[in-house]
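Please find the structures below.
Across the two complexes that follow, chain A remains constant while its partner is chain B and subsequently chain C.
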Partner chain A sequence: MVNLSGNFALFKATIKSQMAYKTDYAISLVFGIIRPLILLAVWGTIYIGTGLSTIGGLTLASTAAYFFLAIPVTMSTNEDVVEIMQGDIQQGAIASSLVKPMSYPLGVICRSLGGVSLNVVLLALPLMLLSIAVFHLALTPSMVLLFVVELIIGSAFLHIVNFIIATLSIQLTNVYGMMITMWDITTLLSGATIPLNFFPAAVQHVLLLLPFSMVCYMPVMTLLGMVSEAQVLSGIAITLAGTALLAVAAYFWWRHVAKMMGSAGG
Partner chain B sequence: MQRAKEILSFYLASYWCNMKSFFTYRLQAAIWLIESTVQLVMNLVVVAVIYGISSGIPGWSYYQLLFLTYFASLTFSIVAVVATPWRLPQDLRTGAFDSYMTKPYGLLTIMSAKYSSTTSLITGVFGSLVFLAYAAAHLSLPATFFVLAIPAYLVGMVAYFMFLQVLGVLSYVLIRSGSFINRAIGTMGTLSRYPLPVFGSSVQLLLTLLVPLGLAIYYPVEVLFGNVTPLSYVSFMALGAALSVAFYLLFNRLMRSYESGGG
Partner chain C sequence: MDHVIDVKNVSKKFKAYENKGSGLFSFRRKSYLKRALNGVSLTIDKGETVALLGKNGSGKSTLIKIMCGILFPTSGSVRVLGLDPWEQRISLSRRIGVVLGAHGQLYWDLPAIDTFELMRKVYGIPKSDYQGRLDYYLDLLELRDVYKRQVRTLSLGEQMKCNFVASILHNPELVILDEPTIGVDLPSKQALRTAILESRKENGTTFLLTTHIVEDITMADRILALDKGNVIFDGSKRKLETLFGNKKVVELEFSETPDYDKYVELGKITKVEGNYLRMEADPKVLTSARFTRLLSKGNIIDYRVGEQDLSGILMRLYKVRGAKAPRGEGHG
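Our next item is the complex of A and B:
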C-alpha cells in the first residue's frame, strides 16, 4: 500500500527547504534570460550572414522563441533524483529512510518532484509567460494540454533514467560524474543545445525516435505550433514505451541492488 | 630563493596529493574523464552543426570557429588546473578555508595548491590541445603570430584568472552562494566560444574592459589569425596588465575583510 500522506509530506518538506535558497532562484532567473540572448545573438548573426529566411525550417523569430522556451521547458522536466539519493547514501540517511513504513524510491521521486514544482512555479512559468508574450505565441487549449502531457512524460522519463543512475551510488558511492555526463548527453539529444531541426536529416530522424526529444524539443515545438498532432502523439507513444520499459527495469534493478546496501555516513 | 623553493615544494606536494586522491577512485576518475571528453566532443558537434546547416558566422571559417571554441575550452581548463574558481566560495561558506589560511603561504599559492582540477588537466587541457592542433593544421598559422600571441594570451589569462577569483569572493561576500559563480562561468563559457563582435559593441566592450574574457580568449586568437594592429596589440597587453594588478589588489582587499565562515 502506497503511503500517500507520507510521500506528500516529503514533497512539501522539500519545497520548504528549497525556499531557503531564494537568492539562487533569482540568480537562475537572470541567467535563464541571459543564455537565450547569447544564442539569439549567435544565430541572429548566422541568419543575417547566410541571407536565408529559414534554416532547418525555422525562421529567425521561431529560433529565438525556441531558445527562450527551451530554458523553462528544461527546468520543468529536470530532476534531482541522483543528488538526493547519492546524498542519502553518502551520509547514511538511507538506513533510517529504509526502516520507515514507506517506499524509499517513491519517497526520492516525491522529494525530487518538490524541487521540480518549485522550479516550475518560480522559474519556468515566469520565463514561459514572458516568452509567450514577447513572441506573440497563439496558443490553443489542445496545444497547452499536449504541452503539459509532454512535460509530464519527459520528466517521468528523466526521473526513471536518473533513478537507475542513482542506484549505482549504492556500489560506487559517488555518481556525480555519471549524472553530469548524462546531463550533457541529454541536453544534446533533447534539443536543448541546438534545435533538432538543425541536425542533418538522417540524424534528426534517429533523434526523434529517442525519448530524449520529449525532454525539450517536442514540448517547445508544440508551443510554437510547428509539429503536427500525429508527430506529438507518436513522440508521446515512443517516450511512454521507453519510460515503461525503463520503469520495469528500474523496479527489478532496485530489488536487486537494495540487497547489497551497506551503511555509510556517520 | 629559499622561499620560492619552499612555495614550489608545497605546491608540488599538494598537487601530487590531489592527483593521487583523484586516481584512488579509479572508476570515478574514468567517469570524470569520460564526462570531460563528452563536453569536448559536444563543442565539435555544435560547430559542425552550425557549418553543416549554414555558411556559419560571417568572416569566420569552420576551422577558425573550431579553433576559437577549443581555445576557449583550453583557457577554461587551464584556469581550473591552476585553481577551480567555484571552490573558494564553497570553502569560505563552510569555513574550510579558515584552516588553509593558517598555512605560511600566500592566499593564491594555497588556492592553487588546493583547488587544482586533475580532470581539467588530463582531458580539458590535453584534449583541447588535440582539437586545437587539428584545427590549426587546416589554418596554416605563421609561427610569428604564435610568438606574438603567447605573451598576449598569458597577460589576458592572468587578468581573467584574477577576475574569477574576485568574482568567487564577491559571490560569498555579497550573496553567500557558490551558485552565482557557477552560472557566471557557464555563461562566460558560452560567450567565449563565439567571436565577440557577434554580441554587439557594448557587450564586446564589457567583455574587454571589465570582464577580461576577450583579453584571455578572443583577442589572442585574433592575434594568431593576424587580425590585430600593433597599436591594438600593445593596448591589449597594457589593459591586461592593468586589470591583473587591479583585480589582484581587489582580491586581497576583499579577502582581508573576510573573518570566518561556517558554523
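Our next item is the complex of A and C:
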C-alpha cells in the first residue's frame, strides 16, 4: 500500500522548505539567460567562421531558439535524487526516514519532485514563455500536449537512472565523481549543449534511439516544430519501455543494497 | 502472550575497512568483517521500560536499528510486535515510535510545527487526537515558544525535544529511544521521563531506551547491558545492585583525626579528607560487633550509611562481565 497522503505531504513540505532559498532562484533565472548566450556565442562563431547557413538542418536562428529552450527544458526534467540520497546517508537522516511508514525510494522521488515543481514554476516556465515570445514560435495545442508528455516521461527516466546511481553511493564513499560524470553523459546524450543534429548521421541515429533524447532534444524540437509526430511517439514509446525496465531493475537493486547498508553510525 | 520484542541469537557483521599506513598517499585498504552483535537473545514484554546500556561501540544502536528494520541481521531472528522488522518494516513503523539520537527528521529550514503536521499526514493521525497530544507535549516539554521557529535556529536540546515529539505523536505501542536526552537540560530531562512514565501508565506503552545518563536508568524496570556485541546483564536494577553493588557506602566524621588503620579491615576506604572518611563495606560488617565497638569508642560526631551509586556499579559491571573481544575475521 502506497502512503499517498504521506508522500504528498512530503512533496509539499519539500516545496515549503525550498522556498527558504528564494534568492537562489533569482540567480538561477539570470543563469538561464546567460548560459544560452554563451552557447550561442560558441556556435555562432562556428556558423560565421565556416560560412555555413545550416548545420545539421538548423539555421543560426533555430540554433539560438534551441539553446534558449534547452535550458528551461533541462531545468524541468532535472532531478535532485542523488543529492537527496547522498545527504541522507552522510547526515544519517536515512535511518530516520526508514522508521516512517513509507517506501524510502518513493519518498526520495516525491522530495525530488517537490524541487522540480518549483524549478518549473519559478524558472522554466518564465524562461520558456520568454523564448516563445522572442522567437515567435507558433504552437498548436497538440504540440504543447506532446511536449508536456515528453517532459514527464523524460523526467521519470532521469529519476530512475539517478536513483540507481545514488544507491551506489551506499557502497562508494565518494559518489560525486560518478555524479558529475553522469551529469556530463546526460548533458551530451540529451542534446543539452550540442543539438543532436550536429552529430554525424550514424551517431545521431543511435542517440535518437536512446531515452536520453527525451530529457532535452525531443521536447525542444517538438516546440520548434522540427520533429514529426510519428518520431515523437516512437521516442515516447522507447523512453517508456526503457524507464519501465530500469524501474524493475531499480526495485530489485534497492532490495539488494538496502540489505548491505551500514546506515549511518550513532 | 507474545513478547513485544523477541530477539533470538542475532548477529551483525559489518564490512569495515582499515587503512594500511597513515601516509597521505597510502590508499591501500584492508577489508575485514567487524562484528557488532554476537548472538544476542532477549525478550521484552508489554508495558516494560527497559534501559539498554553499554559502552560506546557495544552494539546498542546496531541492535535497535535491526529491531526497527533499518538494518538486516547477518543471522538470527527478530520479531517486534509479532512482525518481522525487515520484511514488514512499513507495517511495523506505523506502530512504533523511534528517536535515533540527534539524527533529525526535522525540516531544517522550517519550523518544527511543519514536521509535526507532516507526521500527522504520514501516520494518518485524526486531527482531534493530534491536537490534543501536541498540546500536551508542547506544555510538558516547554516548547510553546519554540515550535514555530525555524529549526536551524533552535538549540540542540530544543531540537531533541521537538524530535521526540515528532516521533511519538502517533501514540505508538512501542517506543524506542536511542539516546533521547543528549543535550537536554535537567527540567526537560525530567519532563521527558514524566512523559514516558505517564504514557506507560495511561496506554501501557513499552519503552526501550539507550542512554549513558545514570538518572535515565532509574525509571527503567529492567536493565540490559551489552558489551562487544554480547548481552552481559539482563535483570532488574535491584539484581544489578545486589550482584555488582552489594556494598554499603559508609561516611564517618570525627571530632579529631582518627587512626584510619583501624578502619582498613572493615572495608575499602575510598576517601579520606581531614576528619572525614568514606568507605565501601559489606552490609554484614555494619551489624558486626567490631563495627559497633568502633562506633561507640571512636570520637565520631556524624555517621551516614548509603547505597553505592549506579555509575560505580555500572563501571564494575563492565569490568567484571566485560566480554572478550570477538576476533575480527580477516578478509583479504
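By our rule, the second predicted complex is superposed on the first by the 262 of 266 C-alpha atoms of A that agree within 3 Å, B and C clash if a C-alpha of one lies under 4 Å from a C-alpha of the other, contacts with A are read in each partner's own complex, and residues count from 1 in each chain.
The rule is short, and it goes like this: a residue touches a chain if its C-beta (ideal position, glycine included) is under 8 Å from a C-beta of that chain, and two chains touch if they have at least 3 such contacts.
This one's a predicted model, so the numbers in the text were calculated from it and none came from an experiment.
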Which of chain B and chain C A:N3 touches, first, second, both or neither: second
Chain B versus chain C as contact partner of A:I185, first or second or both or neither: first
Touching partner for A:V99 - first (chain B), second (chain C), both, neither: second
First (chain B), second (chain C), both or neither touched by A:F198: first
Touched partner set for A:K259, first chain B, second chain C, both or neither: second
First, second, both or neither for A:Q91, with chain B first and chain C second: second
Partner chain in contact with A:G56 - chain B first, chain C second, else both or neither: first
Common interface positions of chain A, toward chain B and toward chain C: 21
Chain B residues within the chain A interface of the complex: 25, 27-28, 31-32, 34-35, 38-39, 42, 45-46, 49-50, 52-58, 175-177, 179-180, 183-184, 186-187, 190-191, 194, 198-200, 203
Residues of chain C touching chain A in the complex: 14-15, 61, 65, 68-72, 89-91, 93-94, 96, 98, 100-105, 107-110, 114-115, 117-118, 121-124, 150, 167, 178
Sites on chain A touched by chain C in the complex: 1, 3, 5-6, 8-10, 13, 16-18, 20-21, 91-93, 95-103, 258-266
Partner chain B, residues of chain A touching it in the complex: 21, 23-24, 27-28, 31, 34-35, 38-39, 41-42, 45-50, 52, 55-56, 172, 174-175, 177-178, 180-181, 184-185, 188, 193-194, 198-200
